[in-house]
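All chains are identified by letter, namely A, B, C and D, in their written order; residue positions are counted from 1 within each chain.
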């Protein structure tokens, strides 16, 4: 019998790894991968809460499904943006995309 | 329930071993005389020119993108399909509406030209 | 008698009781039984490939007016064995600059992804590897692993053709996965369950009768997933040399080969389980061994169908392939799912009899096919023809007239 | 230590190690492969949580589609990112400190929560839960609207992404 805490700590660690990836990586594609890690941590949390606290209600599961959909949409648009920027500026390094910065 | 997934897990190990072991055995049985000339890659009969990772066209991305969106939406429909006996008529029509949106999506992608291989 | 009519369950129970009698923990016994079952299935399938390869080569030979292999053993039936020995003792040549770990992982993964499909397919009543309640999605998920294996093989080989072949293959597989999943949704709706075992149990009427169009779509997409002719673009020698496995040699190539043959057979098994009643047949309930025989006969028949198609049709171009998938199969499958869902609910509410159910579904399928043919014809009529290379010329009538001289330049 | 605890620890280790490699590997293609391993390990976790459906969705959607999309996108932008050059921004230590601080804060907050160490209640049947999920998705007094809106969101994402990825010449050629 695994206590709920194990899952929550794992999810928190995964979330922080993803956060580190988002903040520290240079490549825009790698930043999106970091976001994927964070979203995964969220889904682990949702399903763990469902299993441990409300196993007879489906609300958490619906939420998890919606997170799947959102993550798919996020990746689709994010990568399309990266490709578009690459075609215009010839780079995918996040700190070189600084047209709006001054 | 758990035992079913246990079987899948064990199966996963076994099916990795069964192709893996002969490959490993053959590595020891077969002759091994590598040299740099033999392992050189060549394309069209001459030595390969330039970088392997060539630039791909955006068309591949469009197909993968359309596939991703369809995949996610169809997966949503599986719980709907197995609950068919318990659904109300409204529920069935809601699923049908979902499918119609999917259809409209296909037409939109088609109209945008994302489904052309040019 | 129990041994003869239901050998698998009988032997399994015997071993289980033996192990429990030795005082092993129940969990350990379950693990040992699972290991045994998984090992037996894998070994049986890998041995079956030996038969499949000979069968396919002989059949293709017959279809093309050749003999096929006929030297080794009676009628050349043992041809595969020297082939196996040969490929086993071939040197591995690893291309320079390859991504070694991934390069070696890819053939293993390709074979595993095929073998894994057998974990959820019921072989006979009560004989199924794993009766998970999301079996259909499991089949799709394992297919995704196969796609990944090809992608890995392609980009770890450090060869443009391998990468190009892998990308084309992945584009093909993902394009045909959408209509495939939609076609798989139809039996799920009909059976109200995602477990493959439950779908087979629910088929008092084979679903091929209720949903012939879905069966056809699944058949076509399955062939595209496997990458057989007419969809064998992944190894179009004339276009991309050999595709993703160009840099593989020895047994590593051999396992891609094995995976392809086994995949064709496996996917036939999936079609049988989904639409042709799996092990169902007269007397299968009381004598499960009969069920296994029925299952194998049906699977071999479908497999023969795939070989027949392979021997008869030419390869399509990649744009035709993707166009056919996205512009014909996906809309048809979507429409089919919509109509099936509505009709099924109506009949469930009206508590329709089996005959009515069959008739309504057949009429829906037939109508869709008719509409499809009409649209197809109309499109065909509107398709612009290519301009001829030269404008039509007036030439002198008569059999031996001299053709007009082409300008020499 | 029961067997499932050991299994959990192994899977958790794989998850975190793969996640760590995702954010640190210089080769972006390898990062994508580590991401696949990470996603697969998370799918195993869903199985351990008796959510087999979500494990399969994870494999189908993440490994089967999103990972392939990542690899395609990497191939499309390959020329810009040769493996040379730094993989991190200059101020990555700040990011690391922030990550560790957030982790510590989360664990501290969670450990003060009373049901932190809850054990899982018995589960009757997860097929029934799936049926309930299907019903809830399309029932007007449950999640009908979010369900359809998710669909519309995906349509919008797809059209937008195709438009953006194709640049100015978007649309028919």
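The rule is short, and it goes like this: a residue touches a chain if its C-beta (ideal position, glycine included) is under 8 Å from a C-beta of that chain, and two chains touch if they have at least 3 such contacts.
None of these values were measured; they are calculated from a predicted model.
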{"item": "Most central chain, Cα average position", "value": "B"}
{"item": "Distance from chain D to chain A - Cα centre to Cα centre, in angstrom", "value": "6"}
{"item": "Gap in Å, rounded to a whole number, between the CA centres of chain C and chain B", "value": "14"}
{"item": "Chain A and chain B: spacing of chain centres that average the CA atoms, whole Å", "value": "21"}
{"item": "Centre-of-Cα separation between chain C and chain A, whole angstrom", "value": "34"}
{"item": "Sites on chain B at which at least two other chains make contact", "value": "1, 5, 53, 56, 58, 60-61, 64-69, 71-73, 75-76, 78, 81-83, 87, 92, 95, 102, 109, 116, 118"}
{"item": "Contacts with 2+ other chains: residues of chain A", "value": "65, 68-69, 72-73, 75-76, 79-80, 83"}
{"item": "Contacts with two or more other chains, residues of chain D listed in rising order", "value": "50, 52-53, 57, 60-61, 64-66, 68-69, 72-73, 75-76, 79, 123, 126-127, 130, 132-133, 137, 150, 154, 157-158, 161-162, 165"}
{"item": "Touch-based graph of the chains, sorted into line, ring, star, complete or other", "value": "other"}
{"item": "Pairs of chains satisfying the touch condition", "value": "A-B, A-D, B-C, B-D, C-D"}
{"item": "Touching residues (chain side chain B, partner chain C) in the complex", "value": "1, 3-8, 10-16, 18-20, 22-23, 26-27, 29-34, 36, 38-41, 43, 48, 52-54, 56, 60, 63-64, 66-67, 70-71, 74-75, 77-78, 81-85, 87, 89, 92, 95-96, 99-100, 102-103, 106, 109-110, 115-118"}
{"item": "Complex contacts: residues of chain C adjacent to chain D", "value": "27, 102, 132-134, 137-138, 140-141, 143-145, 147-148, 151-152, 155, 163, 167, 170, 174, 177, 193-195"}
{"item": "Chain B-facing residues of chain D, complex", "value": "44, 47, 50, 52-53, 57, 60-61, 64-66, 68-69, 72-73, 75-76, 78-79, 123, 126-127, 130-135, 137-140, 144, 147-148, 150-152, 154-155, 157-159, 161-163, 165-166, 170-173"}
{"item": "In the complex with chain A, residue positions of chain B that touch it", "value": "58, 61, 65, 68-69, 72-73, 75-76"}
{"item": "Footprint of chain B on chain C - complex, ascending", "value": "30-31, 34-35, 37-39, 41-43, 46, 88-97, 104, 107-108, 111-112, 115-116, 119, 129-134, 136-138, 155, 157-161, 163-164, 167, 170-171, 174-175, 177-178, 181-182, 185, 188-189, 192-194, 241, 247, 250-252, 255, 258, 318-319, 322-323, 326-327, 330-331, 334-335, 337-338, 341-342, 344-345, 348-349"}
